[in-house]
Structures are given as C-alpha cells and as structure tokens.
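Shared between the two complexes below is subunit A, which has subunit B as its partner in the first and subunit C in the second.
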Partner chain A sequence: MKVIEELVLDENNVAFHPMMGNSYQLNPIAKEIVSAIKQSKSKDEILQELSLKYDVAKEELFIDISDFFAKLKVYGLLS
Partner chain B sequence: MSKQKYEIPTINKIDFAMASKYGSPVKSQKIRTEIDGVKISELTEKFGSPIFVFSQKQIEEKYHTLHNAFSSRYPDVTFGWSYKTNYLNEICKIYHDLGSVAEVVSEFEYQKARALGVEGKDIIFNGPYKPKADLKIAVEEGAKIHVDNLFEINDLEEIAEELGIKIPVAIRINMDTGIYPQWSRFGFNFENGDALDAVERMYAGGKLYLTGIHSHIGTFMLDANAYRLATMKIMQLKERVERKFNAEIAYIDLGGGFASKSNLKGIYQSAEVVVPTADDYAEAITNAIYEFNKSENLPKLYLETGRHLIDEAGYLLTSVWGHKRFPDGKKGYILDAGVNLLYTSTWYNFNIELDKRYEGDNEASMLNGPLCMNIDIIEENLMLPPLDRGSVLTISPVGAYNYTQAMQFIRYKPAVVLIDKEGTPRVIKEVDDLATINYKEV
Partner chain C sequence: MKVAVSGLNNTDNPAPGIPVIKSLQDKNELIGFAYDPNEPGSFMPSMVKRTYLMPYPSLGYQELKTRLLEIKEKEGIEAIIPNLDAELPLYIKYQKEIEDMGIKLCLPSHKNFELRNKNKLDTLSKQLNITYPKTYEISSVAELEKITEKSDFPLMVKGNYYKAYMAHNLESAIESFYKISNEWGFPILIQEVVQGEEINLVGVGDGKGELKGAVAIKKLTTTQIGKIWTGVTIQNERLMQIAKDFVSQTAWKGPFELECMINQKDIYMIEINPRFPAWVYFATELGVNLPQMVLDIMQEKEIKPLLEYPQNKMYVRYTGEFVTDFTDFMKLLSTKEL
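For the complex of A and B:
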C-alpha cells in the first residue's frame, strides 16, 4: 500500500498521516488530487480531469501538477 | 458549462512548533502595490522589467530631515553628494538643486559634475588615485582637493610650479574611532603622527597650504559615537596645525557613512532598533565641534553622506520568469534580475514585497536571478506563497550603490525610472542594448 493512501483528510483540508505523525495543510484542489491518487488515478488522468473542470491552460496545469507530485515525493508520501 | 476558478494546488507540512513561535509564517505576505501612488503593475507594464525606480519625494524628505538635524544645531553646514553612491545625472541634479555640492573620487565623476554645471569650487575631489592631468584641471578650476598620500603632495607641488600659484588643499586623515575594521588605507593616520608630518611636509615645500581637514571613517556606521571621536581628532589636528603653521582651517569634512534602514545579514534586531537617527549623528558631530573648538571662528562643516540619503528611495522591480522544485523540496524561482543588479545582496537581507495577495500557503523558496551562474542568489530561504510567471516582486532598499555598481554581465543593464514630486514616473535612463555593449569595441 502506498504511503499516501494512509493519509486521513479532514474537512479543514488538513491531512494527517498516523504512522509518520505528520500533518499537512492542503488547499481544495490539492485535496482533490490526493483523493484521485488514492483512487489510483494516473497523473495524466488527473491532468485531464482538472483541466476540464478548472479555468486554466493545460500547459500551466501540467507545471503545477508536476510540482505538486514532486513535493509529495519530497515529503515521502509518494515514491 | 463554465469552468471553476483555478488555484495552484499546494501541500505544506504543518510545523506546530514554528507556528506557535512565529504566529503564522505560512500565511503572512508582505505586499506593496504602489510607489508614491504609482501602481507597481503600471510601472512594469509601461517601462518593462526588471526596472529600477527612484522616488524624488523620498529623496527630498530624507535630505531635509538630515539637513535639518545639522542646520538646527550648527550654523554652517553643506552636504556634498557622494557621486559614487549614485551618479545618474537626474539623481545628482536633485541633490544639487537641494543645495549639495559634489563629492567625486575619479576623473569621470569630476567631469560628470562639471557637465551638470557644478563649478569647480563646489567640487570636493577625494580618493587615492587622481591622475595628474585631471588633478591639474581640478586645481585650475578651484576644486577642493583632499590629499590622500605623499605622491599627491609632489604632484600638487609640480602643478603649483607649472601654474605659478600656491594651492589651497585639504588633507584626508584616518584614525581609531573604535570601529572595526579601521579604514586606515586612505589619507594619513592621526594617532601615529603621519597626518601632522604630512602637513609639515606641505608647509616645508612652500607651495601648498592647508584649508581643510577630512575623514571618512567607513560606511554603514551603526555607532554615532564614532563620529564624536572622529570630530574630536579632526578638531585637535586643526588646532595644532593652526598654531604651528599660523594656518586657518576654514572647513572640516566628516565624510559619509551614516547607515540606511536596511537589515544587515548577521544582525537580528530590526534596522529601526540598531540604526542611529539623523539626530544621533548630528548631535555627536556638532557637540564635538563646540566642545573642542579652540579658534575664534567655527569651521564650515561638510558631510558627504551617500547611502543614508538615497538607499530607501530606490526600488528594484523584478518579475518571476519560472519556477522549479529542487531535489531537497525547496521551491526555486527564476527572476529577471539577479546579483548582477544587486551588489548589496552580499550584506543586506532585502525587503521583498509582492505585487498583490496570492492564494495559498507560504513555503520555503529560493530566489535566483537570470544569470547562468551558481552564485546568482538573491535569497536562499524566503517564505513565499505560490507565485505565477509574471508576478512582480519589489526589492528594497536598493538606492545606494546598486545602480552604479551593477554589472554589465550576461544581461543588459535595465532602465531607471524616477517618480517626480507630482507622482509622475519618467525614464531617466533607458535599458542598454547591443550598441551599448559593443560601444568602443574595434
């Protein structure tokens, strides 16, 4: 099981990881992405979905999602 | 179906220890939307990015504050604008219009002052290197020559011979004022007797006579008392010279060195706490003159303040070009201005402000300039919200030395805008181009 799947998300957009004992502040769209990863969606699928939903150029969204994934790795939530 | 408003996705680890100690470092943003009523966005849209911006209003306010601090305590004080601090013509003109003479340290600074209409008698010529041909012109035009070394005494004697005149000069001295490092490279030392010996040497030659004594004890002096000691020693030398050589020292010059309100690296109290006020400096100097004056007349007092007068009136606007995530997790921003334009970044923790409020939590970010050089770092670690390409940062204070010492390196030197007292911005120096770079190449 991937580490990120153990994240517990609450309604204040705070995520808690019981094993590591760490808490994280997310914003709503970050929470959506984390939920999507938990559902085993690929980065590409997430990009498609969000670009349909939000008012943002796909190239720009690609940079931001890549950055977000990089940060999850730095935190040890993704490998 | 219309799309929803987008926000950059963010995730930040919550550091509870930090959160309780410093309030909310993930939420606070420093924002500057305008300078003297002119919108930051208007400035970059109209004049480009990066761009230096100066405020005439702030220059003049600072000048009046410092001048009043002295003139309210002392009857005869004149400021000399330190050209090297910022010698853009329009900036020099503001100081001359306010009543400053010119303080120059090279032939081109001298020529710049003359070209701006400053008379020779209103130019103080300082520095360790004064080419003889230029020194001669300065003598002929009646400039105030501040002698730095014995070779210069020889040069001046030859010039006196050539012109068939006796030349009035001033001497630069250095001394212990409790400041480390002591600036002992310039002029003649007071404590070991070199200064008095040099005056003796002048009078022995019979071609020069002393009318002034000068010192510049260093820059960014955080201790006003150092000026009291400097003034005391200048006044003691003045008295000895007047007695011994029957001279009349018409003026003393305390140089520059007053600090600006910038935050120095390694000093953790704020500038408001550690930087002496204009009144502190003025009190230290003028009290010492009154206390140690032994002559009938008080000497005229010159100051060559640079940094203190202009630093806070200058801003650098720079735009985000891109960002990346470094392997250690830090966010790295690429800006269009870097250390090529920020000579003082070695000493200052700049005030860095955003052009508007950004959505999202702050995270540790590094600000890098556009140079393809590993040293191009403006800030190692700054808490910033997620910025976009085109976000504008205002960096201050950068009015002193940064423009004159900006490197013509890799990128063109940017344009400079002055916002006048009516709040109207205008270009006072255009951005360089290939012709500037290639100029004089053969």
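For the complex of A and C:
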C-alpha cells in the first residue's frame, strides 16, 4: 500500500498519516489531487479531470501536477 | 492501595513520578519517594500525602532495606512503583526480598532487565524481527578511531545506560566519548544513525506473556535533550505487534517504553526502557490507565487488555509554578520526610 493511501484528509485541508504521526497542510487543489490518488486515479485521469473542471490547458496543468507528484515523492508519500 | 511512587522531579527533565501519581490518585493513597529535597513533587500536597527522602541507590540494598522497613512500619505502604533508571537495578535484583517485607512490586525479571540492555538489544531485536542499527561496543578511543574508518558520519555515541550524542566528525565523537565515559563509565556504544521519524510506545506486560495495555505516539516538539513538549497519538500496527511479541517472548512484567525509528523502508529498534516514560499520563487521559494496570497486576486482578485508543489526540506539556514555605524544604532536608 502506498503511504498516500493511508493519509486521512480533514475539512481544514490537513492530511494526517496515522502510522507515522506526520501531518501535511494542503491547499484545496492539492487536496483534490491527493483524494484522486487515494481513489486510485492515474496522473492522466487527474490531469483530464482538473483541466475540464478549472478550464485550464492540459499542457499548463501538466507541469504543475508533475511538480506536485515530485513533491509527494520527496516526502515519501509516493514511491 | 497505599502506594509509594518515586521520580518526583518535574522540572525541564521530568521524571515519571508525577504523571504516575496523577493516574493513580483517584483510587489510591500516594506516598512520594524522593532522592533530592529539591524534587518539586515533594511540595505538591495535591499529589502526595507524605514524602520520604530515600538513600541513593549507589549505597546498596542494605540501606534501601533499612529505609523501606522504617517507612513500611510508619506508613504501612502496600506497593512501590519505582520510576527511575538509577534505582531500578536494585529494586529488580531484590524484588523477592522487598515483596517478603509485604510490599508489592510489578517489575521484570533480572534476566529480562539485562536482555534490553543497549549492548544486548541486537540479539533481542533479531528475535523480535526488527532491525537494530549497527552498533559497536567500545572501551577506548583507539577502537572508536577504527570504527570511523569503516563507518560514515554521523554516528551516535551512547552510554550503556544514559546519554546519547550525535557526532558529525571524529573530534566531536571523541569529545562525546569522554563526556559519557567520565560520567557513566564503560562500555560506550557507537551506533550508525538511522534516518527517519522517532515513534514511541508505552505498555504494560502482565508477566505471563500478555500485553495488557499500550499507547503509541509521535513526539511533535521536544526540548533540547529530547523530552516531549507536544505529541500526537499514532496507530502503527507494526509497532503494536513488536510490543506484543516483546511481551509474549520475554513474559515481560510491568511497564516499558519502546523507542523506535521508522522510515519508508523499515522500523528500527533504538531503546527499550524498563519503566514508564514521563508522558504516561497521556495514555491515562486517553482511557488507558497503565499505572493502575500495574497495581491491578500486583493484586492479581483480572484485566481486560486495552490496546485501542482515540486517534488524533494531542499531548501538550506546559510548565507551572507554585509557592511553598521554605521551612518545608528545611524539614525534608533535616528529618528526611515531609
């Protein structure tokens, strides 16, 4: 199981990892992405969804989402 | 029960005594055992009915026995919960003799106490299927220098019983080597540093192989010497299983604290303390009253295991102050009781 799947998200956009006791402050979009990953959605699916929802070009979103995925790896939340 | 509790220091390096007393005071009558007249707990009338100054453990069992017999006669204590590392070897070694005085204890066997010694933890960790960071036992600077030729810095320089410093180069390692050995003697342990998060678990074993209660936490903020300021409860199945295995494989009796490091790859054993940590009142507040369990084990009461507790609970330690009469301090110093 990926660590990210164990994160508990709350209404204040805080993600808490109950096994390690770590918490992460997310912004609303980051929370949406983490929720989508927890639902086993792929990076492409997330890109598609957010592009439609916020009316942003996929090319533009791709860089931001890739950056965010890289950050998740740095924090050890994604392998 | 009428219970004596030691470890009444409650300053920047708090001992477990006051948290243990807070956990027990609803159902029991508490007596304090202090080694130093400055220990704040002695002057807190809401905590202990009376405090007795005890002989330092270095004076040996005969001194302790004489003092315990005096106090037993005067006060009628039925049980003792010793909470300090320095006094535990004596209480553990002579637990049968103390129990023969009519004073109940709930402590591990001498064999188990030795088993979790830092220089033997490697063997125990293997039995528990948990990684123990590579550790070398040394008694000279020459040995230290040899280790640094094959191991990279940073390294932990540890005393066998107390103190641990992180060294980033040979000079600071040598400085820590002398600092610890001058104060606490030999051996000195050199341990490879594990990257990760520290997690801790407090538990109580019944002496028959069952873990009766446990709570795991992560320290969020600490003092300079690693004492907790704030912490949060965690639910770590692997850590809980290690605690269960530890208790079942050793038939551990009494309180203990597991100190582990965890990262994405593995969980590592760092230390097993044979006593309550000073944050034990956190567990009590969560409904897992471990000090009371210890008294129940002493009285051979049936105890339902309590291994579940609320998530997302935060522990906050703070400092407090009060004013007392200096004559109380003088009385404790001169008569050895207050």
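Assume the second predicted complex is superposed on the first by the 79 of 79 C-alpha atoms of A that agree within 3 Å, B and C clash if a C-alpha of one lies under 4 Å from a C-alpha of the other, contacts with A are read in each partner's own complex, and residues count from 1 in each chain.
FYI, contacts are C-beta pairs under 8 Å (C-beta built on N, C-alpha and C of every residue); 3 or more make two chains touch, one makes a residue touch a chain.
Model, not experiment: these values are computed from the prediction.
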Here subunit A is shared; do subunit B and subunit C fit on it together or clash?
fit
In the superposed arrangement, which partner chain does A:V56 touch: subunit B (first), subunit C (second), both, or neither?
first
Given the touch rule stated above, what does A:D64 touch, subunit B (first), subunit C (second), both, or neither?
first
Which of subunit B and subunit C A:V74 touches, first, second, both or neither:
first
Which of subunit B and subunit C A:A30 touches, first, second, both or neither:
first
Does the superposition put A:G21 against subunit B (first), subunit C (second), both, or neither?
second
May I ask you to name which of subunit B and subunit C touches more residues of subunit A?
B
Apex subunit A: angle to the C-alpha centres of subunit B and subunit C, given in degrees as a multiple of 10:
90
Touch test for A:V3: subunit B only (first), subunit C only (second), both, or neither?
second
Least Cα gap, in Å, left between subunit B and subunit C after the two complexes are fitted on chain A:
6
What is the shared patch of subunit A, the residues that subunit B and subunit C both contact?
22-23
Going by the contact rule set out above, which residues of subunit B touch subunit A in the complex?
2-14, 16, 26, 323-325, 328-329, 331, 359-361, 386
Inside the complex, what are the residues of subunit A that reach subunit B?
14-15, 22-30, 32-34, 52-56, 61, 64-68, 70-72, 74-75
The answer for subunit C against subunit A in the complex is residues 197, 199, 217-218, 220, 231-238, 262-264, 311-312
Subunit A residues touching subunit C in their complex are 3, 8, 16, 18-23, 76, 79
